[in-house]
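Some structures to go through are shown next.
After this come two complexes, each holding chain A, first together with chain B and then together with chain C.
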Partner chain A sequence: MSEHNTNIEYTHRGIPPVLSRVSSALLLIGILVAIISYLTDPVRSAFNNIVLLMLLTSVGVGSLFLIGIEYLAGAVWSTPFRRVFEFLASVVLVIPVIAIPVYLNVHSVYHWSHTDAVAADKILSGKEPYLNETFFLIRLIAYFVVWIVFYFIFTSNSKKQDKTKDQKLTKRNIRFSALFMPLFALTLTFSAIDFLMSLEPHWFSTIFGVYFFAGTVLASLAAGTFLVIMFVQKGYFIKGIIKDHYYSFGALLFAFINFWAYIAFSQYMLIWYANLPEETFWFINKWEGSWMYFSIFLIITHFLVPYFALLSQPSKMNEKRLKFMSIWILFAHIIDLYWLVLPTFNPEGFVFSWNEIGFIILGLGLILTMFNWKARKENIIPIGDPKLKRGLDFRL
Partner chain B sequence: MNKKYLYGGVGLFDSPDDIIKAASETSEKGFKKFDVHTPYPVHGMDSAMKLKPSKLAYFSLVFGLTGTFSALALMYWTSSIDYPVIIGGKPFFSFPAYVPIMFELTVLLAAVMTVVTLISIFFKFPNISHPLHDTQYMKAVSSDRYGICIEPDENHTIEEIELFLKSLGAKDITKIYYDDEELKYKNVILQPKFLLFLALIAVIVSGATYFSLNKLMFMQPFNWMREQAKVIPQESSAFFTDGFGMRMPVEGTVARENLPYLFKNQPEEAGKFLINPLEANEENLNLGKKKYDIYCSPCHGYFGEGDSRLRGQFPNPPSIHSEKVRNWSDGRIFHVVTEGQNIMPSYSTQLTNNERWATILYLRVLQRSFNAKESDLR
Partner chain C sequence: MSSIDYSRELSVIEGKPALREIDDLIAKPLETKPNIKFFIGLGITLTMLAIGVIAIGLSFYYGTGLWGNNNPVGWGFPIVNFVFWVGIGHAGTLISAILFLLRQKWRNGIARFAEGMTIFAVMTALIFPLIHVGRPWLAGYLMPYPNQHSLWVNFTSPLLWDVFAVSTYFTVSFIFWYVGLIPDFAVLRDRTKTKIKKAIYSVFSLGWRNSNRHWQHYEMVYLVLAGFATPLVLSVHTIVSFDFAVSILPGWHTTIFPPYFVAGAVFSGFAMVQNVLIVIRKVFNYEHIITIDTLEKMNKIIVLTGTLVGYAYAMEFFIAWYSGVQAEQFTFVNRAFGPYAWAYWIMITCNVVFPQLFWSKKIRRSIPVMFVIAVFVNVGMWFERFVITVTSLSRDFLPSSWAYYTPTLTDFGILIGSFGFFFTFVLLFSKTLPVVSIAEVKAVVDGSQPSHEGH
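Then we have the complex of A and B:
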């Protein structure tokens, strides 16, 4: 089994034309709507911008995590698909750009950015050493630097291997993955705290970072699964991808659906049980008015439907089912982000119109555009990776 | 001599790739009864053998759901119907509190019962014998080789099987026989006599342990005056005719600081005859403020203006700065706090007599602060 990738047959075919058409359409419409939205309602747009930012973070940084975990665990089944996640990880390059409008509108979305309000508030002035504009900016830059640096390290080593077939590059990436994991945990946790939790600066939940992590892995995995299946179906991938590979995607998605529900419920139950006003108000806000229906909707779309849809073994291998569910899960994650952000904007009830749709379209457009940009010119299979052959021969 | 029956033909291979190839060719060829034996799980075997997904999962599902709903039923019955206790002010039917138990029981029943089902239905426990046991073949496949075993069926005779194995490139092809006795073999461990014997030993050992530790060798290392000639709570006593050590209090006993209230339903009399026994000193006023803030302020507001913090979940009370209340005597207010008034509940169980009087002192302070006299301002 150890012969060295001698009989890998792969020719680079770029991307299916439909994908590039869809992505440019989404991107154009998205940018247009976002600009109009900013001109008409800047505050609402800034809140939507946070949803967009966190969506890109989930997909981009989550993909980096999946790359790192593959190296660290020495996984072989996922090696043929690693490039898909490397391409998706290129989304981290646009995250800083998308963060700029949020930073410029910091006063309209983050209550803690008003120094007078902080001074009048005992709790907020206690948090002031952490929650202030300067430190906020420093932290953002630190996150972006970490993500982008590791993106370039992982992908450039991997790309170099296509030509040199040098096994040492795998070793090097394994070392960097070990370094990346703790940094990933810290940056992801704190970015969740900074962008999402600090929307309600009085509120705190120590499990919040894990909650966002669960959604992050789901979003990146779902995006990758969808693209893999689509590329295989249209013949743009390598031959030899079988049900057993799909099963692994399905099983991981299923596991993280459960993990998300477990964490979300843990967070809810502890707060519900202790019943302390300084914690409960966050959930009460999400139960006020029509937000109640939205919260129930979240439980159904993010847990019940995917749980039963992926419960049985055959359903995890079913190409069609998996393709549909990966899109479903990606949207469920967007709904989750929306549920985390928008109640602060409009506590009375949930609002949904062209502004929200526009930003979601922009998010999908950006992800696809970045992916296409990479996939058009680079191999979508890591043809120099020593684990590739074993990955293709993977059987359950 | 026992009669020998033919079980099937077996052949051995040297590598996992060979056995995968053999398995897929065998299933291709239409053999129905065959099995593969390897020293460790070989990936890809399911599809090579064309195995259908196991039915075991349905058992897991059913038992898992049984766990979910029995936990729900258990929690519902115990905490909402049979023994309702208020915990942390939560409703008797508190679904979030049940979820962890439902989850645990789901996992427990699904996991344990899946194993039990596997052993008892699929492996037909307590039958633990198999024709392949104690064969050269079994020895080989449990150390370093990969074997396939094909049983004859209506379309394939044993000779055909042997030829087929040879064509696959198998080595050490042999026929496997088993005898009567093997079929009927029951492990001694599972004989009822033996099980009864085990149970008997368990009873004897535990009984003997209890007797020797608690009776025979019982010794208290230090008794720290534990044995005394007094009656301790819950102890029985031969002295009293009813046999209880604990007695009911004598008729008319009152708990300390809880003198019975003499002016039930007589607000006017209370106002006339009750006098505040406390002095308005710092200590009493501090006590009054503390109690007022805890017990009265949720409805009456911190300053008694009737600005409740209960967000409309309880009707707002009138202000205590009204002409009427200001002219009331302390005793009259004491009556309200003790007995309650219309929808305001009684506070006699939360506040002792003295605490009530202290609260009233503080209430007077509040009133005075809203209607300060000229002299107070100086």
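Then we have the complex of A and C:
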């Protein structure tokens, strides 16, 4: 019983031409602006580079998580869409490249990388065994290796199944998903600590990894939702995708909007209530000058608007609404990353100019380019997956 | 193993029983006289309950000096037991509400019992704050209302938020449970032959006639209540975690507490539900309704939540070191290697090590092994609350006031009593109400849902 009969009608059509035009334009503009930005203001660019790096991590590694969770939970509704996340996960291949400029500029962004400053600071010298350049580099390499290895495992098994329809490949991916989950939790948490939390090396929060995880799932889910709806609308997907399929995207986006708010509130509330100076300064930094308006803006864009936009049941299945909200949520995540990173660069108030826009454009360009590169030649439907038929037949 | 066919949906209920058989099977415990085993069980739980009643009675007569609570450990067994029992309740709502929203059909066979256990667990939990306040007859003042003395509660205290959170949770859980019972009451009403029973069932079934309109309303109400109950699961244990985390005591004040407490609550609750269901499915012959597949899925959730709890322990430890705050670092070293190291390592082995055995499919499907592991989980989760509460207090900021907390016999008496209270309700429930939802089980029997493949 290792093979199964499926009569799925699907012809590979590649990608909509508009997507390929947009992605090349975004990529070119992004690269150009990023280079000019690095030439004119390298410190600011390095901070923006962290935002870019974490955006790619969110989308790429978040997609790996969504692939793994589908295998582990035995979900069927998402099987027709799994390829979209497999393609999105290919972003992990460019993450190491994007990390290089951050590493080269480590002295201008990470205070703990200055050995003289660390020696003069009792707290920081206590953290020296963890926060030092060598161990930092070792950790980065470890994260990238884990993500890239699992990317290749998941996608190559899935791709092989297109031809062989072998159920053992599903079994194998389930096993690897179980192995991936703990590694995912550790690599994601520590990458968030390394790249984001250590920007303020004195600050600490145990929930920080969970906070970044919430944003990660939202970003990858939002990117996937947008692409799925776009491909279906333009006829590049498979026939038979109906509202019932979209419902789960809407429901999951809604759930994780709430989860993010819950985690963000818990972190804020506990630090505010205990009022310990070791912890509060991090939030005070984000409340000084114009950062106050930015913090309020974050709450509105990342929680209030998507909460009400996706609250009702019909809105979770409405193509138009979902397509718009998925873009919205992806931007909200970028705003969140910006809120996490840039106060360290400019504590007086938020700065927003062509530098920031350039790096965001580069991020979107990279995501779309990687996606297109895969989608152009590979099936966007896992046609050999034993769960595909059940997924297409899925009804609420 | 490799013979699993992923292209077919696995049956939730084995053997495709006829609808009539399901009625008969689930109504059977209610329509037959309890046997001797039931009374032996009831005797045991009532004895435990009596021990608790005596211990509480003595506490009221002589005062709380009979307990181990003393400076600096002012929060001993009562808070530990409270958090433990509230946690047990969480699995019920997770199964009935969250798994319902996630369309997990396998939850239909176990949801009713788990919900019932939620209600009993919350009732059990409420004993502890009531006796811990010392004057339970004044507990009414916890509800804020304009009064002549201008006495107001302290709105900034998480202990008060507990009152709101737990009472809301109890109310919604109870309504959710009752709404689910309505169609089943109708089935029982139509089956029963005695007049008194018929009258009772008629009242509780609210005139249910299985009409299309009734079902439509029912489904809508059920969905809305599931939507309400879902944030409540998170809020209750979040606020319980606030009891600790808003303070500035090292070991209590840490930002991961809210999600970590919720994960721990679901973890212990699942273990308790699994333990009780293993007994119930055997005694009532429900092995084809609460299948081994269902138990396996529960074990997967136990290993998941257990690992999340392990992640939180590790994070706390790492960040305590990373923070560079001396008091934080001391607290965690003290936990693992101080006078309460024995409790800490019981917690680690029971919560983090043993559940990892569930990675193996064989163990996930072995009933005796899973039963033992689930018992360990509950022991471990009780010790987790003990470790959190006691270690941080017993060695606080002033070394001259450090002391070792030792619970007294009265403390243990009340703890035993709480188990007696809980299991007495569980036993009575199993003989007075359908412990498995008749309507929901019928909805997941093979062939009850239309599909392309005609099965």
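By definition in this document, the second predicted complex is superposed on the first by the 391 of 396 C-alpha atoms of A that agree within 3 Å, B and C clash if a C-alpha of one lies under 4 Å from a C-alpha of the other, contacts with A are read in each partner's own complex, and residues count from 1 in each chain.
Just so it is clear, contacts are C-beta pairs under 8 Å (C-beta built on N, C-alpha and C of every residue); 3 or more make two chains touch, one makes a residue touch a chain.
Treat the numbers as computed from the prediction; the structure is a model and nothing was measured.
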| item | value |
| --- | --- |
| Fit-or-clash call for chain B and chain C when the two complexes are aligned on chain A | clash |
| First, second, both or neither for A:Lys171, with chain B first and chain C second | second |
| Partner chain(s) touched by A:Pro17 [first = chain B, second = chain C, both, neither] | neither |
| Chain B versus chain C as contact partner of A:Thr206, first or second or both or neither | second |
| Touched partner set for A:Tyr273, first chain B, second chain C, both or neither | both |
| First (chain B), second (chain C), both or neither touched by A:Gly235 | neither |
| Partner chain(s) touched by A:Pro182 [first = chain B, second = chain C, both, neither] | second |
| Contacts of A:Ser312 with chain B and chain C, given as first, second, both or neither | first |
| Contacts on chain A seen with chain B and repeated with chain C across the two complexes | 269, 273, 275, 396 |
| Touch list for chain A against partner chain B, complex | 243-244, 265, 268-269, 272-273, 275, 311-314, 394-396 |
| Contact footprint of chain C on chain A as seen in their complex | 1-2, 4, 6, 74, 76, 122-124, 126-127, 130, 167-168, 170-171, 178, 182, 185, 189, 202, 204-210, 251, 258, 262-263, 266-267, 269-271, 273-276, 278, 385-387, 389-390, 393, 396 |
| Residues of chain C defined as touching chain A within the complex | 1-9, 101, 103, 231, 234, 238, 242, 245-248, 253-259, 307, 311-312, 315-316, 319, 322-325, 359, 451-452 |
| Complex contact set, residues of chain B against chain A | 43-47, 53, 57, 61, 88-90, 96-97, 99-100 |
